[in-house]
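Chain IDs A, B, C and D follow the sequence of writing; residue 1 opens each chain.
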Amino acid sequence: MSETAVASFKPFTRPQMAQRAAADIPEGWYVNLGIGIPTMISDYVPAGREVIFHSENGVLGMGPAPEKDKIEPWLINAGKQYVTMLPGGSFCHHADSFSMIRGGHLDLCVLGAFQVADNGDIANWATSENDTAPAVGGAMDLAAGAKRLWVLMEHTTKDGSSKLVTKCSYPLTAPGAVKRIYTNLATIDVTDRGFVVLGMAPGLSLEDLQARTDAKLHLPA
Amino acid sequence: MSETAVASFKPFTRPQMAQRAAADIPEGWYVNLGIGIPTMISDYVPAGREVIFHSENGVLGMGPAPEKDKIEPWLINAGKQYVTMLPGGSFCHHADSFSMIRGGHLDLCVLGAFQVADNGDIANWATSENDTAPAVGGAMDLAAGAKRLWVLMEHTTKDGSSKLVTKCSYPLTAPGAVKRIYTNLATIDVTDRGFVVLGMAPGLSLEDLQARTDAKLHLPA
Amino acid sequence: MINKIVQSMADLMSGIKDGSVVLLGGFGSVGQPNALIDGLIEQGAKDLVVAANNAGAGHVGLARLMELNRVRKIICSFPRSSDPVVFETLYRAGKIELEIVPQGTLAERMRAAGAGVPAFFTATGVGTKMAVGKEHREIGGRTYILEEWLKGDVGLVEAWEADRWGNLTFKQSGRNFNPLCAMASDLSLVQAQHIRELGEIDPDHVVTPGIFVDRVLHVPYGDPSGF
Amino acid sequence: MINKIVQSMADLMSGIKDGSVVLLGGFGSVGQPNALIDGLIEQGAKDLVVAANNAGAGHVGLARLMELNRVRKIICSFPRSSDPVVFETLYRAGKIELEIVPQGTLAERMRAAGAGVPAFFTATGVGTKMAVGKEHREIGGRTYILEEWLKGDVGLVEAWEADRWGNLTFKQSGRNFNPLCAMASDLSLVQAQHIRELGEIDPDHVVTPGIFVDRVLHVPYGDPSGF
């Protein structure tokens, strides 16, 4: 992939990425946030808007992270971070918790990813076919089960390779699952036509973005 | 089937049938009792012996029937009779309740039956292949799922036909499921050899019993 | 603010379409969403497929819905009742279809629908009429049959407590099929005896979390009135 | 009198055989039956197959059991941890088998074992490495794969409360896999923080009924100690 010289632009920071995704979540949705950047989304839900966050380990209705002197040692999320519970929250066992996921009851899951293809394939759990002891956790359940899957990730790898591809080279988490991608460069829908750009970082042109993206980008019809 | 003239004997009464079955239930067993005579078994568990009774509708740890002025209208058994709960009892939903049954966790189920064959087949839910609206309830789950199935029933129908048969003529509830039968005439195990008589009503001979039984009866080896 | 509590039966019932599959909680008279069945009668949807443990009794509730020729098919484990005249009359006249399902299979099919399991193997019914036409498979030396999930378009649920997020508890044997109807249905409608403030129900004691519930109506009818 | 409460770890652990499949509750450090794992180390059974969400951390608990070459195979969703050195060393040396299972499939396979479902279809893993060699089937326009139950010979469970009938409650996110390990295992062994008199646990609040529990030991260890 060729790098093109680009006029100065300002990539979204991780908090901005999380904030953009959070802004697009309507009130009342049940949402599972993957480990890493997606977890930050809960910090950016607009005030007064009720969104109900789910964690695979049987926690529904999580609130913000606890203050350091108010940690409840029995209350963690799937990323094994201490969390809080909002009034209205509830606990359940793992099979009941994954019934919510696998039974199609979650309105949204937001995961990180290594690669997303323009047919919606996602690879986020192993970086080679021969990974020693790859760790899948709940990612395949979430990708296959949630009503919508969004991905929050850097647009390119550290060495500049596009993470938005025509075909995932890493082992798949689920085929055809991703509906939307928030990167540090753009917000992109995955449609029947492929990647459709909904918005870009300030100063970035579509040509600039395409230069950093393996798969073909489209504008909204 | 021929009726033979028999010297005077005393069939077991229904309470005696229930009492005989109750005496054979060890402490600590989890037991489901079918509608009808089997329900009476719980009244005859020897004092001080703890047996835990289950009902399909999500009730585990039932106690005796309530006194009339102490009925709890939210607490019924699968026969839709008011029951009580012992300390240590618990409630659950129907799928969890049938997990106990279908997952092989019940030590014993005692059902009534129309017919039992000497290979253990049981027919207890419909009296013809063309029954209008036969009602199976939980019988098939119990017959297939409990660790042991006992049957408590009259030895013959009202017209004198044997209910212990070589082959059930009524639609099956489950094949090869019955381990023991308590009738008003005898206690009979279902073994690889067929029916084995463990005990008989006072005054009844094996010949008398055989005359009232379609299938071949054996004595314990 | 999320508020699943509605103020009228008409609001609760809005959007139920003709031809819907309706899953009905309750066992005996305990935990039966009688007010919701009356609401459905009033609402008018017809050509319904109703799954419930029983096929109604007397001329009220489900029996009344059937008597009005609004039910095309009933899926149940035990069509008999203390007074099954409505069902039996319709059934003999060929005016209603019947699918008999073992009670545990009925419960498990609903749970499967809620849990994203389209089909599962079970030993229940093997070697009986229930197994006719079903896929058989030997697994670990035992024979099982394949059963499919039972999804509801609408679930009618009776609960003891509910809050505005739709969290539910149930009273004693009133739990029965109710949590399953909630999780298995696209539109889960609840009549609740008590409305609680958010947070009043202990998070460890919630039986049906609000994710399985769409709308709640306060119906403080008191105790079940017998059979 | 039924009394599932035993007085010593040796009594609790008696009868566990070499080659057992051991289902292990816990998620992260919360709800992990650490005392029971230590008891199993002491008890001596080897050639074990262990199913748990993780593959142990540091050199304690499950990691210690593996380090002693007592575990032939591990079934888990997430072998990585903050300190996975024991597992990774054994795995690279070919001294331990690994079966990776998606977390929800792992939970559902345990639940299926407890519920008498030998196999079920699921969408999780379709189109991935997890589906290789598994039966595929299209049901209602979607493709699913068949997964089998996961039965335990022994289940190790951490509970908050227990009574002499073996009824259990769990604390907050300490519930996780624990009720599933209990229902899926032939021999369910529990360490409980609090022993209650029979009847002290509200029948509506029992999470794991005693029918799924064989023996209980009082282990009031306090709070999980972090990761």
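Basically, a contact is a pair of C-beta atoms (placed from the backbone, for glycine too) under 8 Å apart; a residue touches a chain by one contact, two chains touch by 3 or more.
Bear in mind that the values here come from a model prediction, so they are computed numbers and not experimental data.
Enquirer: Most remote chain relative to subunit C, going by C-alpha centroids?
Expert: The chain lying farthest from subunit C is A.
Enquirer: With centres defined as the mean C-alpha position, give me the subunit A-subunit D separation in Å.
Expert: About 29 Å, centre to centre.
Enquirer: Could you work out how far the Cα centre of subunit C sits from that of subunit D, in whole Å?
Expert: That gives a centre separation of 33 Å.
Enquirer: Report the inter-chain centroid distance for subunit B and subunit D in whole angstrom, where each centroid is the mean of the CA atoms.
Expert: Roughly 36 Å, centre to centre.
Enquirer: At which residue positions does subunit A touch at least two other chains?
Expert: Subunit A, residues with two or more chain partners: 85, 91-92, 95, 98, 101-102, 145.
Enquirer: Mark out which residues of subunit C touch at least two other chains, giving numbers and ranges.
Expert: Within subunit C, residues 108, 111, 115-117, 122-123, 170-172, 203-204 contact more than one other chain.
Enquirer: Chain pairs in touch?
Expert: Those chain pairs satisfying the definition are A-C, A-D, B-C, B-D, C-D.
Enquirer: Would you tell me which residues of subunit C are touching subunit B in their complex?
Expert: Residue list for subunit C touching subunit B: 27-30, 55, 77-80, 84, 87-88, 91-92, 98, 100-108, 110-111, 122-130, 170-180, 207, 223-227.
Enquirer: In the complex formed with subunit B, which residues of subunit D make contact?
Expert: 1-2, 111, 113-117, 163-165, 167, 183, 197-199, 201, 203-204, 206, 209-212
Enquirer: Using the touch rule from the top, collect the residues of subunit B that touch subunit D in their complex.
Expert: Touch residues, subunit B against subunit D: 27-28, 30, 48, 50, 52, 54, 60-61, 85-92, 95, 98-106, 145.
Enquirer: With touch defined as at the start, can you tell me which subunit B residues reach subunit C in the complex?
Expert: 55-59, 72-76, 78, 80, 85, 91-95, 97-98, 101-102, 121, 126, 129, 132-141, 144-145, 171-176
Enquirer: Mind pulling up the subunit D residues that touch subunit C in the complex?
Expert: 108, 112, 115-123, 137, 139-140, 142, 144, 148, 169-172, 203-205
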